[in-house]
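Structures given as structure tokens follow.
Presented sequentially are two complexes of chain A, the first with chain B as partner and the second with chain C.
After this line comes the complex of A and B, so read on.
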């Protein structure tokens, strides 16, 4: 980069840009880096050694064995639950959001505007605000403390509907759909033959956001699921931390070998899939984010 | 029997009425062009025939069958769009074959028809390309190919050439003309380009603000426009309009004078006018002749002015002459003699080559001989 710029122009502007970038890397990146490093360190090392000191493989392994020993590796059950909830919700979200957004974008029907406004309202309504009615509804259906209940409740994803609506209004030429109609497609066939194959970036985008939402879903799972073995990772992590002396050794009600290093490794288990999924899907996700802008 | 019949077609958007009862009959094998400026409703009318736009009232028949409320795919039509509307995720072959596959036609027949269309449109080499790898002209050919394979009763074209550059546009226009001759199908074509309209059409339907202004052959519209709109819209360069006043009337003849110019008294044939009426004289650029100065004559309108711009196209020269009117006069001339800018010229036009339009804009002079 230095070679591309005239030397005298390098001074202030680049300094400012790099300083701002460095600031944000430190603020947001450092905790994540610390988390991954701290997973290799012992409890005493965490207290006495410098913050970014690397631990040993042996310590890491021992910590992992302790974690695995917690309630017969209950972490694994929670992780499996998280996978079930997330896969179920992402699938249901895609199945409902994409056709809904397509219908809103491509057809004129009574109440269309109202649905769009309601979608926007639902988007900005905090989930805490509607947790009670959702709980009552699930309770009425007998779906509290069930996989189906949580999947159903967390598949409600107005942002995905809106995203699909925006994508289809800006990126799918109306004439392509009209052409398909003349070629003999009904509404459903238009969707299957045109709208779906042309919306891969949209699918990636909605799936990604829905995945992040569901994987990190704490509140809804906490309220709807009471059975320990049906909890997901975020709720499980809290249970693990609270039931041990990880953060508050004095208050520990038992002497489980779960300390800070174990809690840290559990946290890594929660964070890692999101990072991996992002790295794999980022190409599609980015093209989805740009799709509207590319259409001239 | 008419292939396409529109009876009393109405279309309104809320309280705003675009069409208030359009009637039109199109014969089998005819090439009809809807022409008009943006907002004239020509595309809407075409889309109503296609079934992509609902009809507020009236009946659309294709081959005698009422299709007003039929799905687009059930009308026996094929349509070519302005922006091609190719399916981006399918290759050229897939694009052309899509309709046939949807109709569950046997593979061998699909192949046969696609290859036939590809041959007619010179697409043989491009069948496995994706639309993104094609030039504008090639894309439009694929769009036409997609229409041909269906063997439709009626082809609909919605400004199919307006996204192409000038040279390609001419070439594709000729190809569409050839195609029409080869397959002899009924074609309805929408354009705002009057050159396309004049060259392609058997009949032109001139539209403005949802009103059919005139239906007729290109010659009819050019030589006998029913009103000022058609006269002004058809013809390139545009017709000259000169504001004038009726000085006296005598049966079917009137005496008039161009407003603001002396020695422009002229006798014209026109009906329904009265002394003092304001009229417009329509004079095509090729009817204005550069002549030597002469004495005023009531059968010839004489004008004079300064050449402000002379556009020389080689075979033809367009001179823009300031004759003291609010707009320059356009003069078309083949004369070898060079027309110099900033020189004075005398122009003449025989009275029987002038169209007279009344204040409502309707032509009140007889068709030009």
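After this line comes the complex of A and C, so read on.
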């Protein structure tokens, strides 16, 4: 008799828990699910069919052809630009962050603490806060509207240095490095022969966060790049929608074949690479998020 | 082998230390160059510029600040951002804590799957978020149209004015950012001592008491960190209001947030001085937050 009550209670509480979780699964999952399904549907289907009705392959293809043909294959230019900006910045980020994190973790030198503190300040301060100052500086240097300017500006990644610093302090015992040094391994050699080979998970982690930031880079690209043909995909997406009025069909005064389905597919193009990378690298991301947020 | 004198040893030690310092700085060089170029210099330059008439290049003291502070759009923009930050931070604190605690009661596999689903919307960022939301807010196409119809909103205009920008931007922020923090809080919860949890259970604590009396107090530091970081990011809101005009001129909000105002001065008026003044002012709070987090708490490891 006595055991009956808690058991029922337990079932009730797990029912409540699962109902709340399921409600939020719908809230979180539905927008993305809708976006990907909507990419297969026609303008009229979007409006008259139920929200999650599937379209057809033919419609999807037609939409894609319209999108690809927009302004002389400009989507392709933007996609290429996105690849150039992202590859350039991720590479420079790795080259600058990993050795910096190693140096901060493994040796004592004058100025070390100051550099660490400045790294944290830069990491905690939201990057949006400094975009206009960067624009003002780049105008002074004449680096606005250049590939180099945007790549360099997006390569400064203090979070990557902090991750590297934490990684090396926790995974590479100082005593190991010291004994290697006694055996005649120079500071620089230690980095190349011991720290770098150990750094594979770290490289993946820093590359992941840097990739996501750079592929999604809107504000900085929007401010620094004025030339249509040098824009990246996130800025291009807004150019496409603004020029075609795709999201405002009643007022669109042009005969571009760019409507809501095309805008949706363009948004999918922006989002898809990130989703794929998210799916592949969830494990890494978790450890990184925890390293970035937890107290030491 | 002749033993070295103390002096000779000292000289060697100092030489080695100097060499180590040199090599450390060589390893740090690319990063430091980027830091100077994209953090230190822009901040100082904007600060300097904020005291100049940037059209004539003459020093005019606090005139830019006076102009910025007297702009009739500034107070409404600050009010918008304040409301937005309050709503967003509250949503995050309540929603993320609740979901993390609920997930903590599940066994590992289902919890991991649900957590991944919550994490996915974080993949959509920048302009794509706003584009997606402009569809979600349009009752004609939205998968949430049944909700809008129930309250009688039948077009995008009525949904947007019904919900209000503050709530819309806060919901956008919640959907995109809560998943990552649910992972972080999940990590903090799984790091709690199992002994304490077990002891509380033996003492007869029910799940509610377990959550409110044991788990929440033990992860309150991480929750505070989330609130502070959300606040710092929220104050800089730019992209969401800036891109509302994608749905048409009637949704245009060019001066909704403070960051937009700075942008407005730089790009519509070409007045870099006032833009620099607003940027400098907007940096004060994030910098205070950063220094407080570093020196007054133990969230970050510096040694």
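Please note the rule applied: the second predicted complex is superposed on the first by the 258 of 296 C-alpha atoms of A that agree within 3 Å, B and C clash if a C-alpha of one lies under 4 Å from a C-alpha of the other, contacts with A are read in each partner's own complex, and residues count from 1 in each chain.
Note that in this section a contact is a pair of C-beta atoms (placed from the backbone, for glycine too) under 8 Å apart; a residue touches a chain by one contact, two chains touch by 3 or more.
Treat the numbers as computed from the prediction; the structure is a model and nothing was measured.
> Once the shared chain is lined up, is A:194 touching chain B (first), chain C (second), both, or neither of them?
The first partner, chain B, only.
> Counting only touches as set out at the top, which of chain B and chain C does A:179 meet: first, second, both, neither?
first
> Of the two partners chain B and chain C, which one touches more residues belonging to chain A?
Counted on chain A, the partner with more touching residues turns out to be C.
> Touch test for A:21: chain B only (first), chain C only (second), both, or neither?
So A:21 only meets chain C here.
> Check whether A:79 is in contact with chain B, with chain C, with both or with neither, and answer first, second, both or neither.
neither
> Between chain B (first) and chain C (second), which, if any, makes contact with A:110: first, second, both or neither?
Only chain C is touched by A:110; chain B is not.
> Considering each complex separately, which residues of chain A are in contact with chain B in the first and with chain C in the second?
Dual-contact residues (chain A): 186.
> Taking the complex as given, what residues does chain A use to touch chain B?
173, 175-176, 178-186, 189, 193-194, 197-198
> Could you please specify the touching residues of chain C with respect to chain A in the complex?
The touching residues are 17, 19-21, 23-28, 30-32, 34-35, 37-43, 45-46, 49, 98-99, 102-103, 105-106, 114, 116-128, 131-132, 134-136, 140-145, 175, 179-181, 183-184, 187-188, 207, 221-222, 225-226, 229, 232-233, 235-239, 243, 245-249, 259, 262-263, 266, 272, 275-276, 279, 282-283, 286-287, 289-291, 293-294, 297-303.
> Can you check the complex and tell me which residues of chain A touch chain C?
Chain A reaches chain C through residues 13-14, 17, 20-21, 24-25, 27-35, 38, 46-47, 51-52, 92, 95-97, 99-100, 102-104, 107-110, 112-113, 115-122, 124-126, 128-130, 132-137, 139-140, 152-153, 155-156, 158, 161-162, 166, 169, 186-188, 191, 212, 216-219, 223, 234-235, 237-238, 241-242, 245, 247-248, 251, 260, 263-264, 267, 270-271, 274-275, 278, 282, 285-286, 289-290, 293-296.
> Considering only the defined contacts, which chain B positions touch chain A in the complex?
50-52, 71-73, 77-79, 81-83, 85-89, 98-99, 102-103, 146, 150
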